[in-house]
C-alpha cells in the first residue's frame, strides 16, 4: 500500500534574478522587475511530499514531526528571513528562480530522507506562480 | 480522452492515536500530543478524484452530484461529528492516522464507484498535514 | 495613530455540546450531531487583534512574537490537542460552543495583554462557522 | 532535470448545461439546476502546468510572463466576462461542462506552447468541483 | 456580552450590469465587460454576521443551523444557479451590482432574523472584489 | 445607505527592520531575524476598503476599476518588486514595519480618493501577521 504524506511549511526571503555575465540591458529584458539590484522578496510556501509504504506498526508513512524537523534543518533555518543570493551558498553562482530553488530544496531533503521513500516538492513563489520537482 | 473530475467535501471528527498493546510511555513517545486519552479532533477536508473517459452524451466524466452522494453515504454519514476510534467500525482495531483514514475512505468509495473509473483520495488532517492514496 | 495588529494561530481539539441538566432528548433536539457523547472535533483557527498606538521608536504596535507567545501560553498549550470538555477548567461547567470558547480565550488574553491595548478575537470553528468577540 | 512550472489565472463566465436534441424533461433530469435557460455563472480558476527541462541559461522552464500571455490570448480574452454557450465558438455545439471546458482550454494552449513541453490544466468550476486534463 | 456569529454560504449566478434607459455607448463606457448582453457570471461567497447577546442556556448567540436555513430560504433558493437580472424579482428594475445585491440580501434576511439581533453581510463577487453592508 | 466596497491587490517586496541610530545588538534584540542586513521579503496582500453612499445611477459605491487604478498608481508601481528601505522615499527614514507600511499606503490613497468616501486598509505581511488602519 503506497501512500504519499505531505507537509506544508513556509519561509520569507529576498532574492534577485540576474546573471552577472550578462549586461544590464539583457538582464532587464529577460528578468524585468525581478532584476531589481536592490532585491525584492516573497513568502514562499513549500509542500514536501514523501511516498512509500505505510508502517503497519504505527500507521504512519513517516512521522510528520520528523519530516517537519528535516524541513526546518535543511530549508527553514538556512532560507527563512534570508537573502537567497547573498546568504545561501547554493545561489552564489545559481540564479534563484523558483525552478532552481525547488531543485536545491529537493537535493537538500533527498540527502536526509530515508532512501526507501520517494520525495517531491511543490514551491509556491506566489499563490499564482509555482513549480513542482520530483528529481526525475 | 481521459480526464479527472474532483469533488471536495469535509467532515469533523475526534480521534486518538495509540496502540492498546503498547504501554503509555511508548504511546507517548511515538504519538505525543495525538495520544491524549480524552481525544482531540480535526476538520478533515477530503478531495475525491475519479479518472476515466468523458461520456460524449453528457460531457460529464461522472455527474458530481452522484459522486457527492457516494461520499455522503460512505464517508460523511459514518464519519462526520463522530469519534473515529469509538464510532467507526474500521478503526476499532486500526490506528486512525491520516494514512489509515485515507485508505479506509478509498476502500469504501472503491466498492461503490464504477470499476471503469480510477479513484484516488487526498485527505487533509490540517491545512499543513495531508495524505494522498490511489490504491496502488 | 490607532492601528490594529493581528496574529492568526490554530489549535485542534475535541468537544461535545450538551447540558448535563437536560435529558438526552432535549440535548439531541438543541445540539443535534454536536451532542455525540463520544465527542467530535475541529481545527480551530484563531485571529487575535490588538488595537492601540504605534510605538514611534520601533514602528510596532506590539511585537507580534510577544503576542504569539501570549497566545501560546494562554490558548495553545491549554487547548491544543485537548478535549475541551474534559481537559480545560473553564468548560467543566460551561458548554464549549464557539461563542463560549471565544469569550474564554478573550478573557485569558485580556489578563496578560497591556491594558493600553484593546483586544478582540475571531474564532473559526470551521471555515463556514465563526464568531467575533471584543469584550463589549 | 524535468520540472513543472504552473500559473494560476481566473475568468468569470455564464453558461448553461443542456442538449438541444433532448426534451426539457430529460435536460432537467440530467442537468438539474445547471439547465436554467436563463443561464447561471461561475468564477473559474485555471491552473496551467507545463513540464520540461530547465533552461540552464535563465534558470526558467518557461518565462511565466510568456505563459501568462498565452493564457490571456487563448483563454481570458475569449472566455472572461462571456457567455460560454453563446459567445465561444467551440461551445456552440458542445456542452460547456467543466470537463469539456478543460479539454477546449488544453487544446487551445497546446497549439501555442512549445512542443518540447508537456501541458496539463486544472479547472475549478467552484472550490469544490474541479477537473484535471493532460491530453492523454 | 455582545458577540457576533457568522455563517458563510455561496451561490452561483449569471448577471449583466446595464441600464435600459442608457444607450449602448454609455453602458459600455460605465460597465465595460460587465455589460455583455449575453451575461457573465460569478461564484458569490456570502458571509452573514449576526450580533447580540449569548443565550446563557445554550451558549449560542443563534443556532447556526437556523441561520443557515434562513440563508437557504431567502438567498440560496431564489439566487443560486439563477440569472439575477431575469430570475430575481428585485433586480428586474435594479442593476445587480455587488452593492445592490448585498443590500437586497440584507433586506431579505433582516425581515426574518430576530429583531434583537443586528445583521450585516459581506458579499464576495470575486476573491478580490467584495462589499460589506450593515443596513446603516 | 452606507456601504463598503473592497478591492484586494498584492505586491512583492524586500525589506529590513532596523534603526540606524541603534547598535547591532539592540537591533538584533528588537527585530531579530527581520534585521538581516541583506534583507528578506514578503508577498504583501493589500485590501483597500472605501465606505460611503451607493450612487443610485450606477449602483456602484465606486467603480472598482478606478479604485484598482488608484492602488496601481499609488502602491503597486512604487512598491512592487522593490526594496522598501532603499527604493521607496517614505521608508528612507521610517522603519518599514507592517504598521508603518499600512499607514503610508493609507496616506497615499487618502490623497487621491474622493473625500466623501472613508478609506481603510488591511495589509497582510504573511497569512498570519496583518494590520488594519483607518486613519483614526
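Order of writing sets the chain letters: A, B, C, D, E and F. Residues in each chain are counted from 1.
Note that in this section a contact is a pair of C-beta atoms (placed from the backbone, for glycine too) under 8 Å apart; a residue touches a chain by one contact, two chains touch by 3 or more.
Computed from a predicted model, the values in this text were never measured in an experiment.
Averaging Cα atoms per chain gives one point for each, and the point farthest from that of subunit E is the centre of A.
Each chain gets a centre from the mean of its Cα atoms; for subunit C and subunit E, those two points are 29 Å apart.
Per-chain CA centroids place subunit C at a distance of 41 Å from subunit D. Of all residues in subunit A, those touching 2 or more other chains are 127, listed in ascending order. Pairs of chains in mutual contact: A-B, A-D, A-F, B-C, B-D, C-E, C-F, D-E, E-F. Subunit A contributes residues 17, 19, 30, 32, 94-100, 102-103, 127-134, 136 to its touches with subunit D in the complex.
Per the touch definition, subunit B reaches subunit C in the complex via residues 10, 12-15, 33-34, 36, 38-43, 80-83, 86-87, 126-127. Those residues of subunit C that touch subunit F in the complex are listed here as 1-9, 49, 54, 57-61, 63-65.
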